[in-house]
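Next come two complexes built around chain A: one with chain B, the other with chain C.
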Partner chain A sequence: MSEPADLVVVGAGPAGMAAAVTALAGGLRVVLVDSGPAVGGQFWRHPPEHARVAIPTGDLHHGLREYLALCAALSAGRAAGRLDLRLAHHVWSAVRDDEFAVHAADRREAPRERPVVLRAPRLLVATGAYDRQLPFPGWDLPGVLTIGGLQALLKGGGVAAGSRVALGGTGPFLLPVAAGLAARGIAVVTVCEAADPRAWLRHPGALLRNPGKWAEGAGYAAVLARHRVPVRPRTAITGAEGGERVTSVRIASLTSDGSPRPGTERRVEVDAVGVGWGFAPQLDLLLPFGCELTDSADGNAVVAVDDGQRTTVPGLYAAGEACGVGGAPLAVAEGRLAAESVLADSGAAPALSRKSLVRARATVARQRAFARAMSMAHPVPAAWSSWLTDETVVCRCEEVTAGAVRAACAEGGAHDHRQVKQLTRAGMGWCQGRMCGPAVHCLAAQKRAYVPAERLVATPVTLGALAQLDE
Partner chain B sequence: MTLKVVVVGAGVVGAACAFHAASAGMDVTVVDRGPAGAGTTSRGEGNVLLSDKAPGPELDLARLSRRLWDEAGEELGPQSFELEPKGGLVVACGTEDLAALREFAARQEAAGVRVEPVDHVRDIEPHLAPGVPGGVRYPQDAQVQPVLAATALLRAAVRYGARFRTGAVVGAVTGGDGRITGVRTAAGDVLPADAVVNAAGTWGGEVGRRLGAPVEVLPRRGFVLVTEPLPPMVRHKVYSADYVANVASSDAGLETSCVVEGTPGGTILIGASRERVGFDTTMNTAVVARLAAQACRLFPFLGGVHLIRAYRGFRPYCPDHLPVIGPDPRVPGVVHACGHEGAGIGLAPATGALVTAHLLGRPWRGADPAAHTALLPDRFFTSGGAPQ
Partner chain C sequence: MSEIVVDGEPLPFVEGQTVAAALVAAGRVAWRTTRVQHRPRGVFCGIGVCFDCLVRIEGTGGQRACLVQAVAGMTVTTGEHDDE
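Let's look at the complex of A and B:
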């Protein structure tokens, strides 16, 4: 594609794919950039092309028809010379001068890195979300993974992380992961869901308006029943033990505030653990622009958008989990609406029919309501920090303990994760607080929504590649 | 009677003022709109440098400050703020540069700075690029972790009886004679004061205005790069000789001349760009790329090392690039302690001691007001108080 692009889309998951396809349909020239080796994001992660027949993953996926249609439309866009698809490109910064400049490290020939600058007058950020982690004693043992990590291993290579697996945390995402493992003959010895399922009864409207979610849930329940996987509500994995790697977990019933109920603790032997407490939206590229944020119901701050997915920065759009975690169907609908706004704001004709547009808007409204109800029904337990001892490592990169974080708050006067970082180095290491940030935030300032630290460098990039940029 | 002092600003300079004033027996209240050390203090590298200063008033203050950092280390424990007397190494990139650097170092030596000319720089800094013709080692250059330093000084001040309050200062309360009697906070409280120290750093201009004693303090944006943690590879604070020219420059455009150094955490810090762009927080990728290129030229191994973080802050500077320290002639009771530009961390203890000496009316911990008159705010005003 030699002519200048009209739009750069960062993130080729459900939201970014749908946005790119809609923008292409409206006649725009689009650059779609993703760090992965293929489009699809985490949700539609697949084995490498050559292994797709050998490793069946069909049962792990939803909306494959949508995925295939989007893939076909993207291929057509490339063939027509209007889509510049940049895979294995890691975006480390996005800035705006006369237009947007998206800085990426091209790692197609890793470990070699080549700096690339992608420019367009409009930018759409669809960078998704990642597992929100809460530390507990033993969470840093080998064999303890995020549930998203377990799912990525299954979807990307048919790999099960263990043969006796315990899952814990909260949220409906526990169920597909448990079902996927069970269907591959893995013993899922327990699924600890911290929430009380009766909490859903407070949001009947959201359930009634989303019958598709019921069907999906019923499907998982059937698989789990067939494999006799016990799903235990109001319980949590409160500790993991082992030497070289995890060999057992402690699980306990929870009181209504999330403290372990005395006398209920027991030990379960495992060789792998998956934990997830919902998701943290990936806002790294958005925060430096100074976009307005809003409080989503799940404890996260997310980027504020209007009903056309416009952020408060002119020319900057967002779709998918960055606007609030809500799943792939919501992300696809938001991607379409965002692209429609890009078309309208560029003076181009709409790509979607009036009917499709109405349908996308209705999907967004319905799925947002569901996501909101879901996060209210699956909160992070208020008393989770009571599971931690002072010796529990909270920041794994810099090996900062819960005791050090607590001391920074009590004696150092820190009341947010940024001050805790300055005093303890929690969040100063390799991951820059992407892992421990939500937990440190909860320990320091429980009441407010979590706003991640501003990261001017969205992903590590070599100084050598940056130096090439200067030439 | 105990002197009541309000220090506006809980950065490293305000904390040092509070530390010295409280240890001298004054009744000190520190007030800041945010937490301790959260402004420019948290956005620097922790430089305690003599090497970059030409003989003159700033170097005089820096030499005193260097000694007071050691004393603070003895009192508070050097580990409490990661005081590292690692020394600086200034390298020349050509033979002409080297001659200029040696001449500059000779003048510094005459002013009391310890300097050690080095011919084979790779003997003391083995990963430097080959072909560097030489340099000068400054054994007195040191490093501190700025936020830890600010909080340690503030904690020590509190042990001497000081208080720390969160709140924004919105104005001064003055008596019939025009003398300041307190400050008003945004919450509506009045903090009574016989003296108010303006240690608001980059925001010192605004705080000065609110106190009726405006001084011109402007922001200069600087980016600092942080690499992945590594085993020790860089022993000194290493920088190229053109840094000195940049520090003193008044050019409006971008200037970069990188300073490379390791930290106890294993990361390598690469500073320091200087841009005059007001309080614009925008990421500047060109600056980041330039710093990276300069760092790779000094230390080629850095080409394969990852940048994991970049941060930027606003260095407060006065039009003549000297800090403003001393009583304001227009509003009795107001004492300025701001405008340190990129040297605020290094100059903090001496600033605190000098402010305390001004308040006491006699020398304190080696700070004699009569020896630092070039830093007084008077230099900006005619005798009637009008700007010069």
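Let's look at the complex of A and C:
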């Protein structure tokens, strides 16, 4: 694509794909950037195009019809010279002067990296989310992964991380991962769901209005029943043991506040573990713009958008999980609405028919209601920190323990994760608090929504690449 | 199957896998030790967020094994320290 672009979309997950396709349909020139080797994001994660025969993953996927339609539209856009698709490009910063400048490291030939600047008058951020983690004794043992990490290895590389796997945490995402592993012959020895499924009964409307979710859930339940995978409500993985690799987990029944019920703890032998407590939105590129945030029901701060997915910064749009965690169908619908706003704000005619637009709006409303109900039914257990011992590592990078974090709060007077960081270095390492941030936040400031720290760069870049940029 | 070279030893992988996927497929879940407590670490988040999986690739340190696609003949050095 030689002419200047009208729109840069960062993130080629369900939200970014739908946004790019809608903007292309409206006649815009689009740059679509993603750090991964293929489009699809987390939900539709696939091996790179050339590897799909060697690594078959079709059986692990849902909504593939929509994915294939979006892929076809993206291919057509590239063929017509209107879409510049940049895979394996990691965006590390985005700034605005007279237009948006998106700085990326081209890592197609990693470890070599080449700096790239992508410019357009409008920017749409669809960077998704990552697993929210709560530390527990032994969570840093090899073989303990995030639940999304297990899924990413399976969907992206066809690899199961173990042969006897325990899953734990909360939320419907436990089920597809359990079902995917079980279908590949892995023994899923237990699925510990901390929540009480009866909590859903308080939100009957959200369930009734989303029959698709029921169908998907029933599909997983059938697979799990066929493979005799036990799903245990109101239980949690409260510890893991092992040396060079995890060899067992401790699981316990939970009381209503989430503390382990005395006498219920037992040990289960495993060689891999997956844990996740919902997701934390990926706001790295958005925070430096100073766009307004809002609290979402799951305890995360998310970027605030209007009913057309506009942030409070002119020309900056957001779609998908960065605006609140709610699954792929919500992300797709938000992507479409965001692109419609881009079209309208650029003075272009709408791409969607009136009917499709109404449908996308209805999907967003319905799915957001579902997401809200989901986060109420699957909260982070209030007493989760009772699983921690003073020796439990909370910040994996700087190896800061729960004892040190507690001392920073009790004796050092720290009231949030930033102050804890200054006192203990928790959140100061390589991951910049992406893994420990929500947990440290809970330990220091239970009641408020989690706002991640602003990070200078969204991905580390070499000085060499920065130097090239100056030239 | 193609091979990468991990610490001097050939490691088979399926075209399309990341370096982390190749290691995990071979049964390895740890390939680094932490700076303070010297604890073993490997893949955790699988999507480039946690930096637990650092390796040296073709001599360049600080590479996330879960993000880098394995390429035949690629040399990978494990035991990467996180302060490099």
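Assume the second predicted complex is superposed on the first by the 469 of 471 C-alpha atoms of A that agree within 3 Å, B and C clash if a C-alpha of one lies under 4 Å from a C-alpha of the other, contacts with A are read in each partner's own complex, and residues count from 1 in each chain.
Quick note on the criterion: contacts are C-beta pairs under 8 Å (C-beta built on N, C-alpha and C of every residue); 3 or more make two chains touch, one makes a residue touch a chain.
Predicted model only: the values in this text are computed from it and were never measured.
S.K.: Taking the superposition as given, does A:422 touch the first partner, chain B, the second, chain C, both, or neither?
M.R.: first
S.K.: Identify the partner contact of A:10: answer first if only chain B is touched, second if only chain C is, both if each is, neither if none is.
M.R.: Touch status of A:10: no partner.
S.K.: For A:460, select first, second, both or neither according to whether it touches chain B, chain C, the two together, or no partner.
M.R.: both
S.K.: Check the residue A:413 against both partner chains and state whether it touches chain B (first), chain C (second), both, or neither.
M.R.: Only chain B is touched by A:413; chain C is not.
S.K.: When the two structures are overlaid on chain A, which partner does A:332 contact: first (chain B), second (chain C), both, or neither?
M.R.: It touches nothing on chain B or chain C.
S.K.: With both complexes overlaid on chain A, does A:142 touch chain B (first), chain C (second), both or neither?
M.R.: It touches chain C, and chain B stays clear.
S.K.: Tell me the contact category for A:430 with respect to chain B and chain C: first, second, both or neither.
M.R.: both
S.K.: Comparing chain C with chain B, which touches more residues belonging to chain A?
M.R.: So, of the two partners, C touches more residues of chain A.
S.K.: Which holds for A:394: it touches chain B only (first), chain C only (second), both, or neither?
M.R.: After superposing on A, A:394 lies clear of both chain B and chain C.
S.K.: Which chain A residues contact chain B in one complex and chain C in the other?
M.R.: In the superposed arrangement, which is not itself an observed complex, chain A uses residues 398, 429-430, 460, 462 for both chain B and chain C.
S.K.: In the complex of these two chains, what residues of chain A are touching chain B?
M.R.: For chain A paired with chain B, touching residues are 93, 95-96, 101, 103, 115, 288, 290, 398, 412-415, 418-419, 422-423, 425, 428-430, 432, 455-457, 460-464, 466-467, 469-471.
S.K.: Mind pulling up the chain C residues that touch chain A in the complex?
M.R.: Counting only chain C, the residues touching chain A are 14-18, 20-22, 24-25, 29-30, 34-37, 39-52, 54, 57-58, 60, 62-63, 66-69, 82.
S.K.: What does chain A use to touch chain C in their complex?
M.R.: So the residues of chain A in touch with chain C come to 35, 37, 42, 47-48, 50-52, 54-55, 88, 107, 110-111, 130-131, 140-146, 148-153, 156-159, 161-162, 244-245, 272, 393, 396-399, 429-431, 434-435, 459-460, 462.
S.K.: Along chain B, where are the residues that touch chain A in the complex?
M.R.: 35-38, 42, 147-148, 151, 164, 225, 227-229, 265, 267, 270, 281-286, 288-290, 292-293, 295-296, 302-312
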